[in-house]
Structures are given as C-alpha cells and as structure tokens.
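Alright, structures below, take your time with them.
Look for chain A in each of the two complexes below; its partner is chain B in the first and chain C in the second.
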Partner chain A sequence: MSRATAAGLARGAAFAAAAIAFPFVFNAAWIVNIGVLTLMYAALATAWNLFSGYTGYITLGQAAFFGLGAYTLGIVFEHVGIGSGYNPFYALPLVGAGIAIASVPVAWIALRTRHMTFAIVTLTLLFIVQQLAFNLRSLTKGSSGLMLPTPSFPISSYDTPFYLAMLAILLAGLALCWLILRSKLGLMLLAIREDEEKARGLGIRVTGAKLIAWSLMVWLSAMVGGVWAYYLTFIYPESSVDPLVMIGAVLMTFLGGRGTLWGPTIGALVLVPAQQYMITKLGASQLYLVGYSAVFMVVLLLLPRGILPSLRSAIDKQRERRRTHREPIVREEARA
Partner chain B sequence: MHEVVQAIILGVLVGGIYALMASGLTLVFGIMKVINVAQGALVILAAYLSYALFSHLHIDPFLSILIVTPAMFVLGVAVQLVFVRSLRGPDGSELSLLVTWALALGIEGVLSVIFKTNFRVTSPSYGDNSWSILGYQISEVRLFAFASSAVLLLLLSLLLTRTRFGRAVRATVQNPTAATLLGVDANRVQTLSFGLGVSMAAAAGAVYGVIYPFNPGSHYDLISRLLSIVVLGGLGSLGGAVFAALGMGVIEALVAVEISPVWSSFSFFVVLIAFLLVRPQGIFGVRERVL
Partner chain C sequence: MSAALLEIEGLTKRFGGVTAVSDCSFAVPEGTVTALVGPNGSGKTTAFNLITGYMRADAGTIRFAGASVRRPNPVSLARHGLTRTFQQARVFPELTLVQNMVAALQQPWRAALQRAVRKHERTRALELLEEFGLARLAGERAGNLSYGQKKLLEFAAVLMADPRLVLLDEPTAGVNPLLVEQIEQRIRDLNARGLTFLLVEHNMNLVMRLSDPVVVLDHGTKLAEGKPDEVRNDPRVLDAYLGG
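And now, the complex of A and B:
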C-alpha cells in the first residue's frame, strides 16, 4: 500500500501546478491543442489503467464508453439543452455517471468470463456501440455525423477551457487511482490480479471489486469523450468510437508502466507529442499507421513492463550494488 | 417463407467461409493460448494477394488459393517466430492480443500504402452467375466458396485426427506439459500450427475477395465477427467455431431479410452477450483453467 509521503504529495502538486500554468505560458493555439490531446490520452490511459492495470483484466472496449460519452453529450445538447459556454462541462460528471451505471449490468455479464474471453467480449461492446451510432439515425444522425453548438469562447484562448476540462478529468483520475492504491479496494484488486481464485477463497468479493473499478473507468472515459465531442463540435461513428484512440491509450499505459500511478500519464507525455509530430510530418495517413504499429511492437516486445517499473528495478539494482559494495568494508572493520 | 429459406441458404453459404477463418483462430488459441487479432487483417491481405494475381496474371481466384495459402503459411511461421514466440510468462496471452493487434494495424497500413483505400472486389467472369434450384437462387461463387471452405475444413480435421503431427497438436491442446514429457516438440507444434491458422485465413481470404468488396480497413469488420464466433463456439473448440459461424451466418441473413441489413451484425453481437449470460464458456467450450 502506498503511503502519503511528502515527496509523493509534492510530486502531485508540482504536476498539477505546472499543468495548470502551461496554457497561460505557452498560449499559442497549436501548442494548447497538442496539450488538450496529450491530456485527453493521459486521462484515457489513466482510466484504462485503473481497471486493466490494477485487475489484470484487459478491456478492449474503452472506446465504446468514450463514444457513448461523446454521443450522449451531443444528444443532450440537441434534445435537452444544457446551456452554452462552461455549463456543459458541469453536466459532464452526471453524464458520465449515467453511462457508468448503465454499463454495470453489461460488465457483470462480461465479467462472468475469464481473461481472454473477457477481452473479446469487451471488444464486441465497442462494435455494438459503433453500430448503434450508425443505425440509430434519429438520435445520432448516423454516418452523416452529429453537430454540436460551437461554444462562444474568445478565439485567442479558445482551446484553454477544453485543456482545463481534460486536466480536471486527468487529476480526478489520478486522485482516484491514488486513493484506490492506498485503500482496501486497491489491495483487493491487486489480489485479483495476482491470483483471483485464491482471492475469492479468502473471501474477497472479486466481482464487486472489479465492478467498482470498471464503473470508475467508464465514468472517466465517458467524460473524456464528452469534452472531446464539445471540443471538435462534430462527431461521427468512426471517429468517436475509434479503436485507434483506445489502442493509443493502451499503448501509453504499457509504455509508462501498467499498474503504476504515473505510468499512463508519462506514456501520454512521451507519445502524444511524438504522434502529433508524426502526423504533421507524414500526414494522418497510411504511413502513419505503419509507424504507429512499429512503435507499438517495439514497446510491447522490448519494454513490456513499461518505463516506470523498469526504472524502479534499475534503481533498486543500483542500490543493491552499492550496498554489496559497502559490505566488505564493514566486514573488514569487524575483523580488525 | 420463401424468403426465410432463401436467407437460411445464403446464411449457411456465408457461414462456411467464416467457419474457415474462425477455425484457424480457435486452433491457434487451443494450442498456445494466443488470440490472433490479426486474423482479419491476414484475410484481407490474402484477398489482396488473390486480387493482384487475378488482375495482373489472370489467375482464377479459386485456383489462387493454391498459391496464396502456402505463401501465407510461410508468413504465419515467420510471424510466430518473430513476434509471438517471445511472449511467454504469466500475461503472455494478454500481451498477444495487443501484439497481434499491432500487427493488424501494420498490415492495414502497408496495404493502404500499396493499394490505397478504395474498395476492390475480385470479379471473375462467372461472378454474377447463379443457379436456381426449386425456385431458390444460389450464387455460383458463393457455392464454390462454401465448397472450398468445406473441403479445407475436412482436410484440416483429417490432418488433426489422422496424422502424427495432428496427434501431437491434440496432445498439446489437452496437456502441454504431458505432451512435452512424451517427446512432443512444443515449439515446433506451436510454430507450425500458427502457420496453419494463418493459412486458413489465407484460403478464406482468397475466396472472401470474390464475394465481398474489401479495403484495408475491412479487417475490423471481419475480426469483430471472428472473435464473436470463436467465443460463442467456445475458445479452442473447432467444432464450436464451425457451428457458431454457421449460426452467425443464418442469424445475420435472417435479420437482414426480416428487419434490416444494417442491424444484422449488431444482432449477432447481442446474441453473443445474451448467450454468455447463460453459458460463459461458449457452446462447446471448457471453462478456462485457472493456473
């Protein structure tokens, strides 16, 4: 269980302060735009890690909830009216919570299956949502796409509210992960990851614990989807339920280190700017896809544990070496 | 009624091709607990190869199965050696999902660079012929496609039941450790079976390109169905995969006729989820063993 160390709190505060200050220091629109995307992926990766990193159950359905968030916000705009400007942001936690609650019965069915089957069933959720987006034309306008009203933010700092909204979701995700890691729930999830049968035998309510982590993952992902939809103001089925977005978040989690607190964020900080650079260099085209898959392969095959765990074990080894280096001297002293 | 029977005929014919693709997927899972998400992309790759052979060298798409399948077998062996073999350890099979997904993206990217993203279809001269039997229309290419899938599935089952290699494969499926102790070379079995699984995708792909228009992105559509089929049939069960594939073909065709084609694949996913509520291990599946 991680403790609330001074260093850990300082790290969190420093990250939050730097991230909040960033768009006011570097206020060029294209930089803030990359910032929005980076935070979006960081939040998605943190959400994915919250469920899959801690329980060991890989879900391939996250994009479904991202898309549901995007479409729900769009549909609410059309049919309910939630104001303009900043107001939709305040409605997002509710939208996310609704989607999370609705997803629990499906998750319960999916969680009746074991690891591999679970991953596949969650992947079918993605395709189900995409099909719904295509077919429920009266709500989603199908493949012609859904238009959201453009918010009336000043042009010069248009991206900043979205940046802050994404940041708020990321910070909420990090805070949740941190709380979970130091709580009993965290211990339960880790026990499930290590040996589910044994955990069940010890009286842990494994399904309940997994469902809590699942609904938090859905809540965060749906909110990110909502902000994204409001940011782009135009969504269509292929872009809002995009397996590539999800697989990007998974890749970032693996790069940073799954099951860690900061890993997904670090992965996003490394990969999203690189990804944006590749898009401007190669065009958002086919070559980009080839490069993407190459990076993915390299990360999975050469660094499957991720940056943070690898760094940590390197540091541990260094300390170990220093200790063994020191020991003979101690022994000599003892002899003398 | 006529419509329904016509839909069932169509569904069975289509299901046969999916059965061939899914058999490769479930075979590979049974042996090495690896889900090859790239199976759909490999089908599309084979469809393009067969398309290229047809349009440049005028080789009949059904004949091209004989060229594409061995070539893709070699590719499959190479993929196993380079990417899949190194994934060992407790979460190796979960990692394999992502590694083969990355492979699928790579194939999609390379295909779009070479062939661009517009839809193609391999259209031999007899492409539009159909026979009418008792008033039911049976398209010639679909019947050929079904027949060649059936022959290949039969060959696969003969290979698994009648040969020494097949016995080694079945032994590995049942108990890898015991098989190794009895002298089965597990590495060899895994590599060859992966190649075999990919060649099933290849043979089906050559046929697929005649029936459906395809582009590099079509693999998502394929893999979503294939994965649902193998889960519904029970991961690792060949009979289950064939059964589920035919079932999917029929359900989709019926929904397409009775409700609307846009809901056909959706309905199959819903059937899958509803079925898992009753039987999480699939039709013929065994509960995944916990180590």
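And now, the complex of A and C:
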C-alpha cells in the first residue's frame, strides 16, 4: 500500500469514527437534527460531484432524483409494506438502484447535449418530476402530500437512526469517489472533463463512462431522498423536488472544491450549520438566503476554485519555496 | 504497391452551399507514409474528420483494413486501430504526461476499477516518452508544456494503443525546426516498424522527403496522386498549389 493510500484511508477512517460518535456525544435533538441535514447535503453534494465534478457535465436536475427517491419510498410504503423501524433503510439501495436504472435512457438522450444545454435539459427533468408529483394523484396524492408511517424510534434519540442512515450514504458516496478517482474509470472521466472530443479520438468509451457516473449519482441522490422522506414522514411536491435543495448542494460543492474527494463534504460542513444558524436568527422569512448569497460572494471573490484546491495550491507554493535545490523545469522545446 | 489499408471512395461533404469535400477518392497503402496536401480550404481536415467519424459524410464509402466502415465513430475506429492527432495539439491539460499517455490505452470495461496507472503501464508510457524526448517531464501537468511539446505528447499518446494507421493533422505546424526533425525521425522509425501514416502537411520539403504516395486535393477533389516527384512536376499541381 502506498503512503498516499494509507493516508487517505486513515483520513476516511478518522472522519467516519468522528461522524459516528457525534450523535452519541452531542445528543440534543436539535444538534442531531442539524447533523442529519448536514450529512444529507454532504451526501447530495458528493453525489453531484461524482458526476458533474468529474465529468464536467453540470446537471441541475439532481433534485428530481432526490424527489423520486422520496416518493418511491412513500409509495412503496403505501402499497407494498416494507416494515418499520430500520427495515425501510435496507430497502433503499434497491429503490435507488431501480431509479438509477430507469434514469439511464433519459441520461443517454440528455448526454447528447453539452454545457449550458445539458444543464437546462436536466433542469427540465426536475420540473417534469415535480409536475408528475402534482398530477399523478392516485400515486402521490398531489399537492395534499403523501404521509409515511411514523417510525417507532424512541423520542429521546429519534433523529439518530436517520443521522446514521445519511452518514452511511455519505460514506458510500465518498468510498465510491475515492475508488473512482484512483481507477481507470476516474482517468476516463477526467479525460472527458478535459477534452471529450480528444478522448473519443483516443478510443475512450465516453458514453459508457458518463452513464456509469450518472447512475451512481442518481443512486445516491435517490437514497438520500428516501431517508429524508422517512425522516419527515410527510412529503409534498414543492418540498421533495426543491430546486433550492439542489442549488445548495451545488454551491457546497463549489465552495469545497469540485472534482475533489472531500470538497463537497467540507462545503456542507461549513454551509449547512451556517444556514441553520441564519434560519433561526433571521426566521423563516427566507432572509437567510441573502446571508447565503453573501457567503458565496466572498467565496467567489477569495477562493474561486473552492476551499480544497485553493489550500492545496497554497501548500504547493510553500513547498516550492522551500525547495532550494530544485531542478528548474525546462520549458524549452529542444534538448540540444 | 501493397494492399490498401484505408480506401476512400466518392467521399462528399457539403456545408450549406459550400462543398468542402467533393467526390474524393484515394487510398492509403499499408506500410506507407501517405501525404494529403493541398491549398488552405481544399478539404484536407474535413476529409480527416469524415474518415475518423467526427463528421458524417453526405456520400461516399470508407474501407479500413478490408472492412467497410458504415457509420464511422471515433471511439470504435480508434479501438480498431485508426487513430488521429489534431491540427491544434490537443492534450488533457490537468493530467500529467504519464496520465495522458495511460488514458490513451484502450482499456476493456473489466479494467475500469483497476488502478489508474499500473506499474507496467507507467513503464510503457515512460519508454515512449523517452523516445519522444519528454521523459524528464513525465510528472508535469500537460498544460505546462510548450506548444511543440504538446504536439509531441499527442503523437506519443496515440501510439500507446498500438494503432495500425495514424492520421497526423499538420504534425509540424507551429513547431521549431529541431522538433520538426525529431517528428520526422519518429515517423520514419515507426514506419520502418510497420506503422502506416496518413498526414496532412504544408511543409512540402518534409512531404517530399517522407511521403510516398502524395495525394493532392484542390476544392475538395483529388487533383493528383502519385510519387512525390511525379506530383511535384504535375502542371495542375504547380498551378493550384505549389506555384510555378
């Protein structure tokens, strides 16, 4: 095992241990509640980054799959019965996989477009799913919303199972990103992000690689939506297919550093608690959004590439300065 | 002359009212360095784009390695051994030179979760980079290279997958004379080892030294085809391209 691999695994293990311990140490319901939201956004941002950060295809439709996950779980509860307590969590990977597979044909068509067009095309997915939620009343109960059974967790630690479920999805997402970034699939995705036409000319199977990354993004997002629905026990179209949720996740990714492993998580750890704080301070007037955008103005001005890449290049520069006997990089073309 | 590795028959492409390539036919015999020359706008790059599947032809047939290519597609053509470079050198700027090289290895899906750069792949990449005089920059970001070095890297990278035919689009454009010599030498060496080339090139001295046969295009149609000497003395070619 290389040193970088060992350090990466150690970092992951430390994060997992700290995150698992958190709700047992700080067990006040309101703190765990913020924890659930933070992990939810971290998982969504990580999922978004897995596709958009690595391939360069910016999707604005992620909330559609979050909503599909939420509604699918709700509908499955109504019609199939998947038990109570922890049991629904175990059904989530399957629910997510079903949605991911169903989304592949849509993605295959959407991926024929690029850049802004792709962003807009995927944004319409979001509104299509929302309209379906409004109008397929026999399944979704339309705008009156869908009720899920309230799980029988003890009141004192009611939030903890949801916290752990969100954490499990986040860790799965991080593990996937880590695997992908060090693999040939990751190299393919980065090549696509850098220059897709060139990648095609080299024989890189761009469509397959993009579809794999897309399905993983959908799988994770749908599972997050499912946990969220079970947590709230009541979902309706505006809240479960909410552009603001997705914009939050995207902005967190930009804040932390897109294309990195930890960037989205770091972005969520910074922003969600700040957002919750502003909501309590400024009330439900949505004035918190103003504070939100102020944070982003600062980030865009000071750290345009995000926290992690900015930190990394600062560290690199420091090292460069220390290395006195460094061989100069020869930029001349020819070696005499 | 040996059998044709690539055969183009009646290739046509129109852009609105402009016919960029018009009923163009030529062949690239196996084991040759075939040159495609002609004045600017004569359809050379368009022909490249049609052959490699970056554009869909309006008419015409393409045969590669004896099989007809019905719907040319860059990915599958590259995986069958027909690969290309671009007029403006294209590399993956954020990746290192070694990553650029290894990304060009056409991997099967079952290798997708293997380490991005495995030991033997790094060795192979370094060998090729050494041949192209880039080995000492192996860990650099490709974006840090000079333009000429990017051209070399692009050329080296397409060799990673052991192609049968390499289409070089102006391999020496914007490159200093020393590098031109190096690129020429690489083409000669690789050709001696059996690799076939089709190159678009404006440096006629280089073409005359390196290529046989030479195909001359003008207004999207083939004007002449033959040995460099014959082509050079063809009055139509003199008139259209080389000047009297």
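In this section, the second predicted complex is superposed on the first by the 312 of 336 C-alpha atoms of A that agree within 3 Å, B and C clash if a C-alpha of one lies under 4 Å from a C-alpha of the other, contacts with A are read in each partner's own complex, and residues count from 1 in each chain.
By our rule, a contact is a pair of C-beta atoms (placed from the backbone, for glycine too) under 8 Å apart; a residue touches a chain by one contact, two chains touch by 3 or more.
All figures in this text were calculated on a predicted structure; none of them were measured in a lab.
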item: Winner by number of chain A residues touched, once chain B and chain C are compared; value: B
item: Which superposed partner A:L289 touches (first chain B, second chain C, both, neither); value: first
item: Chain B versus chain C as contact partner of A:K281, first or second or both or neither; value: neither
item: First (chain B), second (chain C), both or neither touched by A:E197; value: both
item: Which superposed partner A:R182 touches (first chain B, second chain C, both, neither); value: second
item: Touched partner set for A:P243, first chain B, second chain C, both or neither; value: first
item: Which of chain B and chain C A:V206 touches, first, second, both or neither; value: second
item: Those residues of chain A which chain B touches in one complex and chain C touches in the other; value: 197
item: Interfacial residue positions of chain A with respect to chain B in the complex; value: 56, 58, 60, 106, 109-110, 112-117, 119-121, 123-124, 127-128, 131-132, 134-135, 196-197, 243-244, 247, 250-251, 254, 285-294, 296-297, 300-301, 304
item: Interfacial residue positions of chain B with respect to chain A in the complex; value: 29, 33, 35, 83, 86, 91, 93-95, 97-99, 101-106, 108-110, 112-113, 117, 216, 220, 224, 227-228, 230-231, 235, 262-263, 265-266, 269-270, 272-273, 276-277, 280-282, 287-288, 290
item: Contact footprint of chain C on chain A as seen in their complex; value: 179, 182-188, 190-191, 194-195, 197-206, 208-209, 212, 329-335
item: Chain A-touching residues of chain C, taken from the complex the two chains share; value: 52, 54, 74-79, 83-84, 86, 90-95, 99, 102-104, 106-107, 109, 111-117, 133, 136-137, 140, 144-146, 148-149, 157-158, 161, 175-176, 178-179, 182
